[in-house]
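Working notes for the structure below.
By written order: A, B, C, D and E. Residues from 1 in each chain.
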Amino acid sequence: MSRVMKFAPVILKNLFSKPVTRRYPAVPIQYPEGDRGHIEIQIDRCISCGMCVRSCPTGTLSVDRMKGTWTINRFDCVQCGYCVLKCPVKCLSIVPGYQEPEREKASQTYQKSPEVLRAEAEKRAKQAALAKEMAAKKAAALKAKKEAEAAAAAGAAAQAVQSADKN
Amino acid sequence: MNHTIFYAIGAVLYIVGAPFLGCLMDGAERKLSARMQGRIGPPLLQPWYDFVKLLNKQVVTVDRAQFFILTSYLVLMVMSGAMFFSGNDLLMTFFVLSTTGTFLYFAAIVPSSPYSSMAASRELIQEVCYEPAVLLLSVGFYLATGTFNARAVFSQNTSLVVFLPGFLASYLFAMIIKLRISPFDVSTSHHAHQELVQGVTTEMGARNLALFKLAEWYEMVFLYGVVAVFILNSSLVSVLAAILVDLVIFFCFVLIDNTNARVKWENMLGLSWAVTGLCSGVNLLILMMIR
Amino acid sequence: MGKVKKSPWLLHYDGSSCNGCDIEVLATLTPVYDAERFGVVNTGDPLQADILMITGGINQQNAPVVKQLYDQMPRPKVVVAVGTCACSGGVFRECYNMLGGADSTVPIDIYVPGCAARPESIMDGIMKAVELFQKRSDEHDQYEKEHKGEAGPVDPNINTARDKVKMQEMKGAADA
Amino acid sequence: MPVTVFLILFPLIWAFVIFAIRDNKVRGIAAYIGSGTIIAAVGVLFVQWLRNGRVPIKLFYNTETADHFILAGEIVLMLVVTYLCFKYHKYWISVLSIVPTLMLAYFELMGPELHTIPHIYIDHLSMLMCLIVGIIGGMIIVYAVGYMEGYAHHHPEFEDRRNYFLGLLFFFLSAMFGFVMSESLLWIDLFWETTSVCSFLLIGYTRTDEAVHNSFRALWMNLAGGVALAVGIIYFGYQSHTVAFHDLIDLSTQMHMAYCVLPIALIAFAALTKAAQYPFSTWLIGAMVAPTPSSALLHSATMVKAGIYVLLRLAPAMAGTLTGTMITFIGGFTFFVASIIAIGQSDGKRVLAFSTISNLGLMVACAGVGAPETVWAGVLLMIFHAVSKSLLFQDVGATENAIGTRDIEDMHGLLYRLPRLATFMFIGIAGMFLAPFGMLISKWSALRAAVDESNILLVLFIVFGSATTSFYWTKWMGKLISRSHETGDRLKDITRRNEVVSLTVHAVLMILLCILVPFISKVYVDPLLIEMFGKYEDVLPMGVLYTMIVVIAFVFLVPIFSYFIGRKMRANVKLTYMSGINTGDNTMFVDSFGEPKRLWLSNYYFRSFIHPHQLRIFSQILTTAVLLVMMSMIIGGAL
Amino acid sequence: MGKRSVIPFGPQHPVLPEPIHLDLVVEDEKIVEAIPNIGFIHRGLEGLAPDRDFQKYLYVVERTCGICSFGHGLGYVESIEGIMNVEVPERARYLRVVWAEMARMTSHLMWLGFTADAFGFESLFYEAWRIREKVLDLMEMTTGGRLIYSVLKVGGVLKDITPDMQKKILDDLNEIEKETREMTKTFLDDYSVQTRLKGVGVLTKQQAHDVGACGPMARASGIACDMRMRGYEAYSDLGFEPVVAQDGDSYARCEVRINEIFASIELVRRAFEHMPKEGDLSATVKGNPNGEYFARIEQPRGEAIFYSEGHGKPNLDRFRLRTPTFANLQALCETLKGAEYADVPILILTIDPCISCTER
């Protein structure tokens, strides 16, 4: 007989103690620290390098360097956190809280602030100018080098002809 | 004459009130089960919400014949209950009850769908399990009171349970089977995840399922009503006692439901026949000897 | 015009998921989350279900199954895609065998993202689905009122002579 | 009253006429005429008897010549049996025929001087039997004409001996009429042996090894009963100097003559063999090899009822005696066990056979208890059983001709394939067990009587047996109504017109019986009880009657009503649930190889659970032991 | 067809959490024939290996399965580490063991619940899952995910378990152990449960050997095979002993898994004891895998084999995964022979099927 209804003590204990049910949604969720919920970006720190785009296993992310946007489709993201790991400037983070269920899948785009954009544009222009200068310098150097080489080659050829004559 | 009216009122009360009472009991059972499982559980009126929902859905069926068989099932169920509550012949009532079971079997087997059909066969096995106990109950009743008429209890000075403890035991056992309480919920379970999907109700959706639920409520009230027969006697206190006993049994059934694995039909058949044969049989023997 | 939203019954089908979301769907029903508080019941039977919950993406082989289950459910019905896989295919989107998210086969009403979708998130999804369910039920009632007394439509698939070719067609349709 | 003689002689002569006609068509017409005449004659007899105020008809007090014919008949039978036994090398069986015949001959010629008795005696019970034999027998012959045509067509491997078959049926009817109308036990014995031999010949009709084997088994078992019968008659004759059946009962019940105990026990024992009770039930199962009409007529509707008839007659004398206890036990046990074994059968005819055994068991038990209520139940059971079994046997036969098998599994969805036959079958089965129809009300009163008699074993047998009985009937019904495995192909109903006539008559009779139970009980069965017991009990109280009428109304009306509502219903038809891999209709699913596979659903048979074979052997051993012990107790007590 | 029924079982079936299909031929309810069919959940993730770099591919492999995603990640990184000869720091190795064992606990508790459900014991199912939530909470606290953890990387781990967390884990484990003991009594001793498990689906030692069963399935048939005996990661320091039972029936399989829960709790405790208090979490990994390697891991369901092959490019050329359920499906077919229909869910469950990993 002791083998029948073995479960009764547990059941009765449950009956007379408080239910273990978490009363969500009446009571909000308590996330532990470091919970992986969704990706946040400090967009202004982003350098639009595209590392995150390349690292994302689901191809959720896209970055437009010119417009200064960073786009995530939260209905595609698997919260793996690899983008966070790969971002060179650590502007990405994965924080508690999930994307709400929706009727439609929509992606979210983050736009850098105009100041940052402007600064970036300036930087880019500066860089471009610099690059132009460098390129010019390089071209000049190259030309000089080539000329020197050509001269050397001509000299060498002349020597060779001479030695051949000796033989 | 007074009495006839009294019993007619009993039948009418049953027909009108049983669905509500049954619904409440169903809800209470779900709530109590949930608490036993350590959770909050659905609201008390959940079965009612389900019922309303089912009636509001698109009427679907896999076989048109099912609807009319189910209606017959429901009507016969109401009828056997009404027969009982109007104090009619017990044995007759139980025979009609078994016909009711046959209609449920038909409803489940008519669409020729795999799970529904297998469940129907199991339903039939269940009938084989509980029918002897139920028929024997009326035999015991007859022996104790000299009539099959349920109203005879009111002319008894002592509660029948004194004479018929064995019958009560095997009837309660039969009731577990009939109410589809684990461990004997082999043909349909009140819980999800049955090996036979939803058992006999697999092919019942929307309105058909609502009919089935309604019939179940009627059945539940009827079956608990039969328990009262064991307790009631000519004194008024016995009414209270009957209600109390029903409540205790209700609680025990929920407890049993939550502490047992579903057995296989072979075990169910063996066990129920053994219990019926032993409890009712011995009780019957004693009754016949002292008569 | 009854309140139907208090009794949402689920049919859960596991498409090509990794299991994570399925288990979270089941966890939603267990004591700690206890979705039955809202009347949720997990029925295994499409005929009795109100909300089809699909986890995982869709592949060649399960597309007809999902479609079949969807068709068997009585109206009004709501489909919820649970998990990133069901929403869009998730990490497996580019696998050779995948057709994509659940919306590649049946119309999805609610997307519940997450890998795996948290039970709370699934519950939110159910809440949203329930509202939709009520709305559709009301529309359905209206429709019924307008079409009272007419004989109901019969599924054209029933009782037609069926052969292998037909099945191939079904498969083909799923492929397309 | 010449009708009685006509009823015995006409079929006898007609048998030879039929046998002689070679042309199938002509023979068919002759058979119709014959059966029509028999039914008409029974009708005439019934009317005459009613006109007479339903007092028993007693005839033929002096029958010197007839007695000699009877004796001659006995000897002819003995010779036939002996010849056949020798032909098939079953020598020892002939002993069972030779010994009693010689004993009877000695008794008749050298025995004591007997009192003058009426040789024909028609009371309520005999009249009832006449009606059953006449109407059902007549209809079955009509059916047989058509059926045997199909049979000869489907089974070219067997020699076509239709004339022999139909002739035997008529021959049997003659014997059966003789049996139920006779008062002289000596006459009864002859007719008894004749029915045994008819049954034997019909079982062996196809002359296959199996048929021959089964026919001899039937023969020896029935003959063994015959031996007991003969011994009982002779013993009784020597003790009381009379061989009237009623005298036996009256002497026992009113005079309490001790010497009656033994003959009653022996005759009851004989009845057990005829009614195919355990341990003698195997012959009835074996008899199913015979063509269906003979199964319907002999092996369920009438001949086996001869055993019941005898037991019902003996009922008042058995009440409360050791014999009664024995008979009740054997009957109750048979009722229970045969119904369990029936669950394990899928061959329609075998199910019917086991159910026959089982139902006969219940009737036997009812007779064994011997109280007015149980006899009431027994009589009603007999009526219902005769009609519905005859209907079912014929229907299974017709179905077999149409679909080529009589396996119940192959009757899946029969309602959609052969609506007419399936409906008849449905009616027959419903009449057998479904509340509130016929059989059930009898069970109700049997149960009550068993309780009143404090017969606990019988109570348990009835209670458990009725559960198992409804199991196998219900699952059969379920088969008929479930949707077909194929898609909507309706079969051609090749049932012949004459078969349909018989089936329809039976079905109508069945429905009428169900509706008219209270009436029949009042008008016929109650007087029968008065005649038998001198008193009658109001078996059916008014309350129950009213309830029953209401229930019947409901059971008929509700489905019809809701059927019409259902037809109008706006319903969306969906596919059945097949785990999501339907292939577009309800008959196939995609299997593990991606191919369509046909869904197939079967009933449960519990073969591995109840082990029918072991169970049969066990019950045979048990019942044999009980019979041996109790018979020796009875004999020991009597001597 | 006689008295046989031919019915489909699955892919959508409420007792099955995952789609698997069986063509069943039954007589009464005895199974005469059962032909399984899988593929409803096949994704083909192995085919993605050449398209993803080997670091990124880890996140795909992790999602082979949501139950022991940690184990799959572990097997994969082990195979890469094997190719590249990376020495994983000791603390990381212990952390890996802790997580792997906790994942095993969640898996087994989940399985207990499913099994209870398969024999129609709903409240027992709920109780098992209630306890499982506690382990999940610990997992979420330490890794940030409930089912998919993403804490591994080639060469080590990404997160640490702080002393506070460690204390909480140990405290909670005590409670979990107590509750599990209380609950599993029902599995092991209850009469009604025993009628459903004892003697059901017997797989003899020889059969288990012949069909190549692995994991608890094999161990319940008396074969002491457990990959942890190989001592990968930190197991060699923890005195690991495999849990074995002899009967080979469903009950034995249940017993093995129950005892493994307690063994896992013990292993976690020991791991915390032996773990170095400080230390690197990961080694630096340079370059790309060049070569091939087989890693063998004991998953909750048995031995999983990870094969990686690379040729010096960031992307692997080939990745193969042999999963335990795949090996055990054959054993399932063996046990289904002659079983009862009512046992089918139990038999399917006692191999602890994980179809999603089988089909990847």
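What we mean here is this: a contact is a pair of C-beta atoms (placed from the backbone, for glycine too) under 8 Å apart; a residue touches a chain by one contact, two chains touch by 3 or more.
For clarity, every value in this text was computed on a predicted model and none was experimentally measured.
The chains that touch both subunit A and subunit C are B, E.
Distance from each chain's C-alpha mean to the overall C-alpha mean is smallest for B.
Summed over C-beta pairs in contact, the chain pair with the top total is B-D.
Among the other chains, the CA centroid farthest from that of subunit D is the one of A. Chain geometry summary: the mean Cα position of subunit D and that of subunit E are 65 Å apart. Remark: subunit A and subunit D have CA centroids separated by 90 Å (rounded to whole angstrom).
Inter-chain centre distance (subunit C to subunit D, centres taken as mean C-alpha positions): 58 Å. Multi-chain contact residues of subunit D (touching two or more other chains): 569-575, 577-578, 580-581, 586, 590, 599, 601, 603-604, 609. Contact of a single residue of subunit C with at least two other chains is seen at positions 13, 30-32, 34, 37, 42-47, 65, 69, 74-75, 90-91, 94, 115, 118, 144, 152.
Shown for subunit E are the residues that touch two or more other chains, namely 5, 7-8, 11-15, 29, 59-60, 63, 121, 123-124, 126-127, 130, 133, 148, 190, 192-193.
Of all possible chain pairs, the ones that touch are A-B, A-C, A-E, B-C, B-D, B-E, C-D, C-E, D-E.
Residues of subunit C touching subunit B in their complex: 1-4, 6-7, 9, 30-32, 34, 36-39, 41-45, 47-48, 50, 74-76, 137, 140-141, 144, 152.
Taken together, the subunit D residues at the contact with subunit B in this complex read 412-413, 434-436, 440, 444, 447-448, 451, 454, 456, 459-460, 463-464, 466-468, 470-471, 474-475, 477-478, 481-485, 541, 543-544, 547-548, 550-551, 554-555, 558-559, 562-563, 565-567, 569-578, 586, 599, 601, 603-604, 609. Contact residues of subunit B toward subunit E in the complex are 33, 36-39, 114-115, 117-118, 182-183, 185-186, 189, 191-195, 197-198, 258-265, 267. Within the complex, the subunit E residues that touch subunit A are 52, 55-57, 59-60, 62-63, 121, 123-124, 127, 130, 133, 137, 140-141, 143-145, 148, 150, 153, 158-159, 182-183, 185-186, 189-194.
By the touch rule above, subunit C contacts subunit D in their complex via residues 13, 45-47, 64-66, 68-69, 71-72, 74-75, 144, 147, 149-155, 157-164, 166-167, 170.
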